[in-house]
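A quick write-up on the structure given underneath.
The chains carry the letters A, B, C and D, assigned in the order they are written, with residues numbered from 1 in each.
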Amino acid sequence: MSMPEKQLKFGEAIKEAVAEEMRRDPVVFMMGEDVAASGNIFKVLVGLYEEFGAERVIDTPISEAGFVGLGVGAALTGMRPVIEIMFGDFIALTMDQLVNQAAKIRYMSGGQAKVPLTIRATMGAGRSSAAQHSQSLHAWTSHIPGLKVVMPSTPADAKGLLKSAIRDDNPTLFYEDKMMYNLKGPVPDGDITIPFGQADIKRTGDDVTLMATSSMVHVALGAADILEQKGISAEVVDPRTLVPLDKKTLVESVSKTTRAVVIDEGYQSFGITAELTSVVYEGAFDFLEAPIVRIGAMDVPIPYSKPLEDATIPQEQDVVEAVTAMM
Amino acid sequence: MSMPEKQLKFGEAIKEAVAEEMRRDPVVFMMGEDVAASGNIFKVLVGLYEEFGAERVIDTPISEAGFVGLGVGAALTGMRPVIEIMFGDFIALTMDQLVNQAAKIRYMSGGQAKVPLTIRATMGAGRSSAAQHSQSLHAWTSHIPGLKVVMPSTPADAKGLLKSAIRDDNPTLFYEDKMMYNLKGPVPDGDITIPFGQADIKRTGDDVTLMATSSMVHVALGAADILEQKGISAEVVDPRTLVPLDKKTLVESVSKTTRAVVIDEGYQSFGITAELTSVVYEGAFDFLEAPIVRIGAMDVPIPYSKPLEDATIPQEQDVVEAVTAMM
Amino acid sequence: MSVDDRLAMEMYRGMLRIRRFEEQILNIYTAGLMDGIAHLYIGEEAVAVGVCSVLNDEDYITSTHRGHGHCVAKGGRLDRMMAEVMGRVTGYCRGKGGSMHIADMSLGILGANGIVGGGFGIATGAAMSAKMRRTDQVAVCFFGDGAANQGVFFEVMNCAAIWNLPVIYVCENNQYGEHTATDSVTAGECIADRARPFGIPSEVVDGMDVLAVREATVEAVERARAGQGAAMIECVTYRYRGHHVGDPGLAYRSKEEIDEWIAKDPVEGWKRRMLATGAATESDFHAVDEAVEKEVLDAVESAKAAPWPEVTEVRKHVYA
Amino acid sequence: MSVDDRLAMEMYRGMLRIRRFEEQILNIYTAGLMDGIAHLYIGEEAVAVGVCSVLNDEDYITSTHRGHGHCVAKGGRLDRMMAEVMGRVTGYCRGKGGSMHIADMSLGILGANGIVGGGFGIATGAAMSAKMRRTDQVAVCFFGDGAANQGVFFEVMNCAAIWNLPVIYVCENNQYGEHTATDSVTAGECIADRARPFGIPSEVVDGMDVLAVREATVEAVERARAGQGAAMIECVTYRYRGHHVGDPGLAYRSKEEIDEWIAKDPVEGWKRRMLATGAATESDFHAVDEAVEKEVLDAVESAKAAPWPEVTEVRKHVYA
C-alpha cells in the first residue's frame, strides 16, 4: 500500500512545514526581512501572513544580529521562533548570536535552559549574484557544538526535516539551496516528521558511493545516470543532517562500494567534504580501494559573470570524471 | 656559524614584530581594545604606546565589527592596520567584515584593490575562562578564500610570521594561543621574516607523523618524548600557516612514516583536523598503514570547571594512546 | 523616603549581601580557591538592588560579565552562586558556567554573559516573548558603558521601539571599560541620549543612590507593564576594585578618583539616610549585618565542601 | 541659484547620465542580456549628483547595492560599468563583481556593496586613513534607510566622533527597504536624529532637489576638511522602479504614491529651474540630451561587443 502523497515544489514544502507547525503550536512564529506581506523575496512564504497575521509573521528591520538575538531571547522564554536569513552569506552577521549565545546557553547554564530556535538560511550559487549573495557557509555552524545543521535535498525531506527542526529544543540551522525552490517532488500527506541523524540512500549502487548534500544530491544523481551508461553503478547517499551526522550509513555504503566521492557546495578547503571524508576513512579504511575524492566549490570568491560562476560550482561532469579516474 | 639570537617569550616576540614593522613602515598601526597605555590585557604590547604614541597605537571602543570594518577601509586606502581581537571568540562579531568584505574586495574589484590587514586574535582554552573566552575558531576563516591564516607555535615563528603577515598585501588572521605568551624560545636577531606556506618539521622521526598546530605542537612534542621512551620515533610537523597550506611537506612526512595523528585545538568536528587528514590521504593514500587519527577539542562548549575543561583539550596522553593503538 | 521602612531595610540588606559576597569572592580568588576570574560589583550595588526591588520573580533580567550583583538582587542563592564560581557541581550551572554565566531560569535570571553586549538581544527577545504570550512580564537588560558601543544595542532598541516591547535598558556607567576610560571611547554627552532617536524615553540617574535608581525603574516598569514600551536608564556609578579580581585597578585611575567615589558609597550612604530618617536603628543594622555575614560565610563553606563535577558531566547538556 | 550656469548644467548632465544609464540597464535586463540583477537608481539622481558635485577625484565614496548612480556621479565610465553589468572582461571588475560590486579605486570609488550597511566600516576607515596620512581627503558613505538599522552604523559613528574623522554619512531615505515600508521598521522621527547622540551634526534635506543636497554637502565637506569631523545628511527621496530590475514595485505601494514622487522629479525639476532662471536654453538641453543619449547607447554597444572573461580568469585575483 503506497502512502498518500502529492507533488510539491521544494519551496512549497517549506511553507507547508512552517504553516503546519504554526497551526499546531501557538508559540511558533516566523520572522525575517520581507517575510510578511511579501511572503519573502523568493515568494516561498506567500500565504502565511494572510493566515497567521502580523503578530506571528513578522517583518524585521535589516538588523540580522539583532533579530537573531531576539530569537534567542524569545526561544529561551517559551517561544519557538523560526527566523529567515534571506541570503546565507548574512549568517556572517549573526555568528556571535548563534555561536556564543544560542549554541552555548544550555550548556553554560548546566542544562537549565533550552533554545528551540530554527534559522532558515538560503545557500547556493548559480544566479549570477556574485560573491556576497551566493555562498554556502554551512561548514561554520557545523563546527559548533550545540547547534544542529540540516541540509534538505528534496521537497519531502525539506518538509519532514523542517517540522523536526521547529519541534527540536535546540538551535537548528536549516539551509535551503535557493536554486531548488522550484524543484518538484512527492511529499507524503499528513503530519510526517523526519528524524535528524538518518542519512538517506537516494539511489543504491555497488561500485562507488557519491556522498552529497543539498542540491549536490541532484548533481550526484545526474552523474549516477551518466555513470550507469558507462557501466558503473553509483550509490548516492545524502546525510540530510550534518549535525547530528549518521556516520554509520556513510561508512556502511563505502564499505560496500569501496570507493567514494564527496560533493558539497561549500568552499572545498576546510569544509564539509573534509569532515565527511575523514569520517569515512575512520570507519572504512580497510575497505577503500582508492583515495576518496572531494568536490566542493572552487576556493575563490564566487564571481558574477556566468561562465566564471559556472566554473566554481561542482557539476555532474566533475563527478563523472572523478569516478571514472578512480575505477 | 650559528645565527645570533636571543631568548624571547612568545608574547615578546609578537611585540617585537609589531614594533619593528611600525618602525620600518609609517603606515603600519595597531588598534584594539586596551592596547594602548595598558599594552593589552595580556601585557603583550607594553611599550608600543610609549614608543609610537596614541596616533599609532589606538584604544578602540568595544565595537569589534566596527573597528575591523575601519581596518578594512584603512587598508584599502594606503594603511596597514594590525588589529587585535582580545579573545578569539569575538571573531564571531567580525565575520561579516572579514568574510564578506576584507576577503572578497580584491576579487570582486577584478584585482584593483588590496587589503593589507592583519588581525591578531587569541585562541585556546586552559584558563578556566568558560565557553565564550576559550574557543579556537580558526577553522572558520581557513574556509574562506581570500583570507590567509597563520598559527605560530614558537617565539621565532611568531615573530617571523607576524612580520610577514604585516607585509602581506592580503587580509591575514594571526592566531595566538594565549597559553603560550610566556613560553620562551630562541629568536634570531635582525629583520627575519618567515614565508607563508612552509611547514616546519619540529622534530624528525620515522614511525609516525604528528601534525599539530599552535600550542598543540608542544603537546605533540611532549608526546613524542614519551613515545621515544616506548621505542616509537615520532616526527612532529607544524604547518605554521593553514592558508596557504604546505601540503607537500605534510604528505612527504606521512609517506615516509606511514602513520599520522592530527592535533588541533579547534572543535574536532568539521574543523582543521578534517582538512589536514583529507589532504594527507589525497597525497599519501598508498603509503598509509593505519587510519589517520584526529584529535581536536571535544565537541562541547568549553566548560568552566577545571577538571571538565581539562577533559576537553587534547593532551599528550591522548596522542600517546592514539599512536600506541595504531602501531 | 518614598519607600516604607521594611523595603528600605530590604534594599540595604540586598546591597550588603552583594558587597559581602563580592568580598568573599576576592578572598577566595586570593586564596587560590577559584580557577577562573570574576568581575566584582563592589561600588555598584545600588543599581542592581534599586532596579530589582521593582521586579517580580516572573520578570526577566539579562546580566553581564560583572553579574553577581544582578543575580543576588533578583533573588539568586548565594550558596549556589559561590559553588558555581568555585566550579562545583552544586553550583547554578553544575560548574560548567562559572562566574560569567550564572543563570537561574526559574527566577528569570537569563544569565550573566561573557560577551560584552550579549544580553541585548536576549532581553529584548524575552520582552518580545512576554508580549506575544500576553503576560505582564518585563525584561531588564543590564549593560555597561562599554557595551553601549556594541551595534546590536541600537538594533534591538529599534526593534523594541517599533514593536513597543516591555524592555528596560539599564546602563551601568562605571566610567571604565576594562582599563579604558569611558569618555575616551564614547562620543556624546551621555549614554542615555542614545535611546532618544528611537523615541525611547531615557534618563540619567545617580547610580550610587538606590532610591533614585528604584524610582526611575518604577516609572519605567509601570510604563512597560501598561503596554507603553521600552525605556532606558543610565546609572552613573563606579567600580571600586579593578576590572576583575586579578586587576588592582590602579594603573589607569587615581587614588583620589577612587576615594571620591567611595565617599558616595551606596551602602553606607543608604544606611546613613535610613538612620537620619529613623527608618531603622543601629541595632537593626547590626542584626542585618550579622545575618548577612553569616549567610555569606555559610555559602563559602558549603561551596568549599561541595563536590566537583564528575568528568562524565562534560558531555552532558550540549543538546536538549 | 548658488551655482554658476556651467555647474548647473553639469549637474543636469550628471543626473541625466544616470537616468539614461539605468533605463538602458532595464532594457538589457528585459532583453535577457544580463545574468544577474541590478537595483535602479531612477528617481534618486539628485542625491548622488548633489553630493559628488562637491567632491574631488581624491575623495572617497562607498556605495551600495543601488550603486550605479554614485559611480556615475563620482566620474565612473559608463562603458566599463555597462560591461561589468553584462559580465564582460572589459568591465570595471573584469566581470567578477557585477552591478553590486562596481569599483574604481583610481577615482576613490571604494565599491558598491551587496551587504546592506557594508560601506559603513570602509568609508569610516578610509576617513581614518586620510586623517592618519594627513591628506585633506574626505570620505562619503552612501547608505539606505534600511541600512540605518544595521548596528555597525552606530559603531562607526561613535568612532568617527571620538576620533574626529572626515566622513560624511549620506542616507538615501527612499521610503522602502525592499518591499518593506521604512516607517514600519524604523523607529523615531527621522534617521538624521541617529547621529545626534554622538554629537555628529545632521540634517534632513530634500533629496529630490540637487541644489539642496549640494548645499548640505558643501557645508559638511568644508567642516570635514577643516578638521571638524563627521556629519550626516538624510536625503528624502524615492525610487521610481521596483527594488530591482525584476520587481515591478507595485505590490507594496500605490500608483498614486509613485506619481506624487514623480511629480517632484529631480531631473525635470532641475531643468525647469534652470530654464526659469535662464541658466540654459531649450537648445542647450537638447544638445546635452543628445550627447548623453549617444554616450549611453555607445556604452551598451561596446559592452555587447566586449569579450567574456576566459575561464582561466576565475582563479586570478583571489590573493594579491
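The rule we apply is simple: a contact is a pair of C-beta atoms (placed from the backbone, for glycine too) under 8 Å apart; a residue touches a chain by one contact, two chains touch by 3 or more.
Bear in mind that the values here come from a model prediction, so they are computed numbers and not experimental data.
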_Touch graph components, with subunit A removed from consideration_ = one piece
*From the centre of subunit B, which chain's CA centre is farthest?*
D
*Averaging only over C-alpha atoms, locate the centres of subunit A and subunit D and give their separation in whole Å.*
37
*Inter-centroid spacing, subunit D versus subunit B (mean Cα positions, whole Å)*: 41
*Using the average of all C-alpha atoms in each chain as its centre, how far is it in Å between subunit C and subunit D?*
46
*Check each residue of subunit B and list the ones that touch at least two other chains.*
60-61, 63, 65-66, 89-90, 96, 100, 107-108, 130-132, 145-146, 299-301, 303
*Touching two or more other chains - residue numbers and ranges from subunit C*: 93, 95-97, 101, 113-115, 118, 149-152, 155, 158, 162, 184-186, 318
*Chain touch graph shape: choose line, ring, star, complete or other and state it.*
complete
*Which subunit A residues qualify as touching subunit C in the complex?*
27, 29, 55, 60-61, 63, 65-79, 81, 96-97, 100-101, 105-114, 116, 145-146, 148, 169-170
*Under the touch definition given earlier, write down the residues of subunit C that touch subunit B in their complex.*
34-37, 87-89, 93, 95-101, 113-118, 146-147, 149-151, 177-180, 184-186, 251-252, 308-309, 311, 313-315, 318
_Of all residues in subunit D, those that touch subunit B in their complex_ = 60, 62, 91-97, 101, 103-106, 110-111, 113-115, 118, 120-130, 132-133, 139, 151-152, 155-156, 158-159, 162, 316-320
_subunit A - residues contacting subunit B, complex_ = 89-90, 92-93, 95-96, 98-100, 103-104, 107-108, 130-132, 137, 139-140, 142-146, 242-243, 245, 266-267, 269-275, 277-278, 281-282, 285, 290-292, 294, 299-301, 303
*Residues of subunit C touching subunit D in their complex?*
149-155, 157-158, 161-162, 184-189, 193-194, 196-200
